[in-house]
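Single-structure report; data block below.
A, B, C, D and E are the chain letters, set down in written order, and residue numbers restart from 1 in every chain.
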């Protein structure tokens, strides 16, 4: 149990140090050191517990509860005040609704509460901890180099890197706490801290846009927080429990009244995971510095949302609420994938893809069968690695080419070969056989097919859209013009290491996927569902195929071109040089330009996002009516 | 003989036979097409002459990486068919197929040449257009037979077409896209006069182009294999229907103008969403009750 | 032996021609003459073509175009000048903007006379070109 | 059918051109063509042909070789091609062409071939 | 960063039978700008008058374009006859009309084929050209050439067509008419063809007038104007109405040409029925003087000849404004905002003849 505390408290200590020691060299040392320690600790934790099943820790200390209460009150006041200061009254209103509720609840009933287990640890928590520990640490290291560049590019901004790293490490601590908590009040506490961290980091640059988007994020997340608080209070009054495990067990035993807190918690998960109609906050969050996007808004914090939904999967399985949750996820997957086609800003593409994949995970969680949960956990793992790799690559590229527009990334393979290859790995990792996300999608399809044909349809169409926007991006990267301009030399070491490790992990986790499944995921599934899911014999084949690609890619590039004459491209006979210029009218020398298709008339953001809001909101309404109808409310 | 041995024989037969059969089909296609156009047409072996000719041409590319992608395209296309004819998982087959197509597209992208580029974009649109229907086909076959394995689907005793008529029609619809036949030969066309010159294949020449041709032969045989599955309860009927489908595609090719990419995408998605999904729903309820 | 003669792919470029020969080249493809019988395909892409068929003379502005197309074709390749203009400039020989026949710019292997060259003679010329193609293949094969 | 240029020609002064054309435009005439030719005196003779209901009229005038003629392409957009052609072949300067190719409409071997001795 | 793609369209391009270059600026596949570059076919034959005697200019005129060849020769002859001046025998005028209309039918069928090819309907292309060959056979039978007829000369025509042969032509055309109808029905009714033609490259009546469109391009936009109404050659004796469609899109232009094919067949029938006997040419003497302006309806629209003579054997100025030249400004207008796939369709919808345009 000590190691759990260590994982929560150590980042806190690091954060405190980083805040008070604003010296670049010292900061660098602290970040490197804490990252290595955290990574080692999570790996150690895994070795310690991966075969132990679910372990509950009966840790109880009044002081902790009181401390949490005080911090919550302070945070509430802070949010209320900032809301007033920036005239975002909705944020203030929402916090005045939920904070008094939870504080009142804790003050009046808190002492009577004696949760059986405040903390727990199972393989799902372990997986989350691994993601937070390893990916999180790597991103923090990356942020060292990135933020230095960032402030070199943005002299107009005050260098508040100490605050930045402070929040990053606080966030890590909160995430660890979140995945280990069984007591929902604790979970709620960490949940609110991550919301606040996200708020502060989105608003880091303090531009009008950043502030607006930060408030958008916090307002939507507070909505979820309100539902969360409501769920806790309701649970207590309805069944006298505030533990996650008990909630699931009770629902499993047929206590239908507890479907309401399950629905409320799923709603909280959906807001956090930026599902439609709440997807806009995640898009807005892309104004934050890229490490923030990588850590909070793709690989970990938004995963907390789906973590909760997947946790609740056994309770959601087979219920109407579950179906509705799954549909929200499915619709979000399809529409977000389609919208991504119309986006040209790399970070927005990544954001929409994140929303889409989270949708898929939510859909799996809503379905809640063993196969679906298996697929969901695979998606969480693979998505965290590949997406964070892509964010980091985009961050580095942005600083070197001065743009995060995909259209500016043509010929990157010549200008920044290593980064381009890593991006290609990341992109392939996101949608292509034999990489991780495709394996997961495959699993998801197999999970859906026996339960919901609508989801099969949504997945079929959605993955077709994914294919389009990823491939066209990849095409931009690998377009070759023999051009020698080199931009890669100035990328700092603290960026290279995480990049390499991410790329390495993307491939290795794919290779080790059967091992990951059998040692980490299946032990989680068996006690809950009594069975496991696999992909069958195809697994082996897919592995062979995967290996073949990984080996062939570099080999083929080197050897396949022997004896080949290099010729100019075809330009209707009007070539002025081999690759880019042709003779135009009016005596002009015209440069070729090739820009991807965005198909606004089909996949326009406004139209589809509106459609998503309407569809998903109506799904919520239907759920509420249904609950009225069957008397849950 | 063990089933493994039989599988191995089928796969080897496929590896050797598919290009021959595919080439002959292509030759027949050209003769039938010519006859429909009031011409005599080339000999049936013409596709082989073409490929052998291309092999003897100079090797060239616009950059060093381009031909590598085409090699991967061929490789994975063969792999796709091999897994299919080995009776493997249909979803795996389809994902491998997608991977293969993506390699071809990447090859075209990497050449950074205007017409290749537009060809690549259009190929992607086409892929996006047919992908849902392909997945729905696999899902429908699973719902009817309760297995994703081609071997089980082929061994299913009831005619699959009885359960999946809508999906069959939908699949034949998108097959026109996959065969690169008019009205959906957007990204590259067999015929000379297209606004994209040779689109996707503009920058591939000589031996590389020959590889693309061979890959298409493999692909066509594999696609006809899926058509066969719908009628697999009677192997002879299956083969006849597969050939008739091919003939139907030639007929469609010769009686239609090339349509725009908008219509291609819209119509393919509508077909998948109506015919495909409706059929899926019916099978879902009929077989689950 | 190669299969070049069995599958000659052709690219047609119209120099400063009057269209007469151009449409006769096109007519060769159509049912009456149907050159696909011999495996001849009119591909629009120099990178796929074995035979460059040029109609019309060369003028100031199309010289670089013809050179570009010729250079983009892969070995072995053959050039056929179709019609009297492509051969020598023909009736337009004395025009200020006409430089003469195609051989002013690139080496020509077969000349097809006529104004306009008839489809029969075009097919005949292409078949002559096939022999040259085969010879070039032998030479080219040695180099390889 | 006999249609001698002399019968349908209207001789005008160069500076009258724009006004006349705008008048013809107003009457619903369409521009048929613009022709330029060299006279024995080495002047340029310009012929602007208009047509309405199968009735033709040719506005003609002569200008010295170094004159600048005002473009009518602001009124008849299609005139820009004729005017560019005249410039490229004869070397006559025409001002304010809607789309001015600056002498690149025809990139001829000889500059202004219709005005100079060629092979 | 703008999402604009810039690609070269031509000069060597398989859908363009002739070299012309368009700089296409695209967004997705929507053409936002198209700037042409011409001059690849410019020979400078207007200056050949310095070297060729006036009677020989007919041959040069015939080779301005291999498709419009006969009507170029006819117009040139007409202009020179006007300058000399001489009176051409009636029979020669009728024969010129018959050949001109034959040339129109073969040109329109050729165009229909190319159009079918441009929208990717190969079978239709083949069948159009299959029928066109039959017309070429008749041309070869009567005039001696296939695409360059060579039968027109100053003062009349070079060869006569016997009456029996004329009757035979009508019979052949009667059969051909049915076959052509079968094919043109596909153009008019087929769903996929309509999908590619309707509402593509729309030009309003006003634009057609202001931009100086000619021929079927103009008539497809609802302007009823056909220079044959002027009554040159034998047209003054024949009954016909200009063919007009009002939609102004590629489909309308296609329908205009289809109807003109049948109109031409009808004109040939009328001409054969009315053709008088007599000589086919008169002797040409003297040298031309003065200047002549001729406007004649070709398959692509009206061609305007402006010939200036000075009493010597050589003309002083030989000026040809061809229909495509006049149709280029309308073309540029039509191309704005179209799709890339429609570019060849729209370019072909004006029936471009670049070798005419640049001479």
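Just a few scattered comments:
In this section, a residue touches a chain if its C-beta (ideal position, glycine included) is under 8 Å from a C-beta of that chain, and two chains touch if they have at least 3 such contacts.
From a predicted model like this one, the values you see are computed outputs, not experimental measurements.
Taking the definition of touch as given, a chain qualifies here only if it contacts subunit A and subunit C alike; those chains are B, D, E.
Path length between subunit B and subunit C in the touching-chain graph (shortest route): 1. Top contact pair of chains, counted by C-beta pairs, is A-B. Ranked by separation of Cα centres from subunit D, the top chain is A. Taking the mean of each chain's C-alpha atoms, the chain whose centre lies closest to the overall C-alpha mean is B. Separating the CA-averaged centres of subunit C and subunit D is a span of 39 Å. Once the centre of each chain is set as its mean CA position, subunit A and subunit B turn out to be 36 Å apart.
Averaged C-alpha coordinates put the centre of subunit B at 43 Å from the centre of subunit E.
Centre to centre, using the average C-alpha position, subunit A and subunit E are separated by 65 Å. Counting partners per residue, subunit D has 104, 106-108, 113, 118 as the residues that reach two or more other chains. Touching of two or more other chains is recorded for residues 5, 7-8, 11-15, 29, 37, 39, 42, 44, 47, 125-127, 130 of subunit E. In subunit B, the residues that reach two or more other chains under the touch definition are 37-39, 58, 60, 114-115, 117, 192-194, 197, 202-203.
Every pair of chains that touch is listed here: A-B, A-C, A-D, A-E, B-C, B-E, C-D, C-E, D-E. Those residues of subunit D that touch subunit E in the shared complex are 1-6, 8, 28, 30-33, 35, 37-38, 47, 49, 51, 54, 56, 58, 76-78, 80-82, 104-108, 113-114, 118.
Within the complex, the subunit A residues that touch subunit C are 565, 567-568, 570-571, 573-575, 583.
Interface of subunit C with subunit E (complex): residues 11, 13-24, 26-27, 29-32, 42-46, 56-57, 59, 61-62, 65, 69, 91-92, 94-98, 115-116, 118.
Subunit C makes touch with subunit B in their complex at residues 2-4, 6-7, 9, 30-31, 34, 36-39, 41-45, 47-48, 50, 74-76, 137, 140-141. Subunit A meets subunit D in the complex at residues 585-587.
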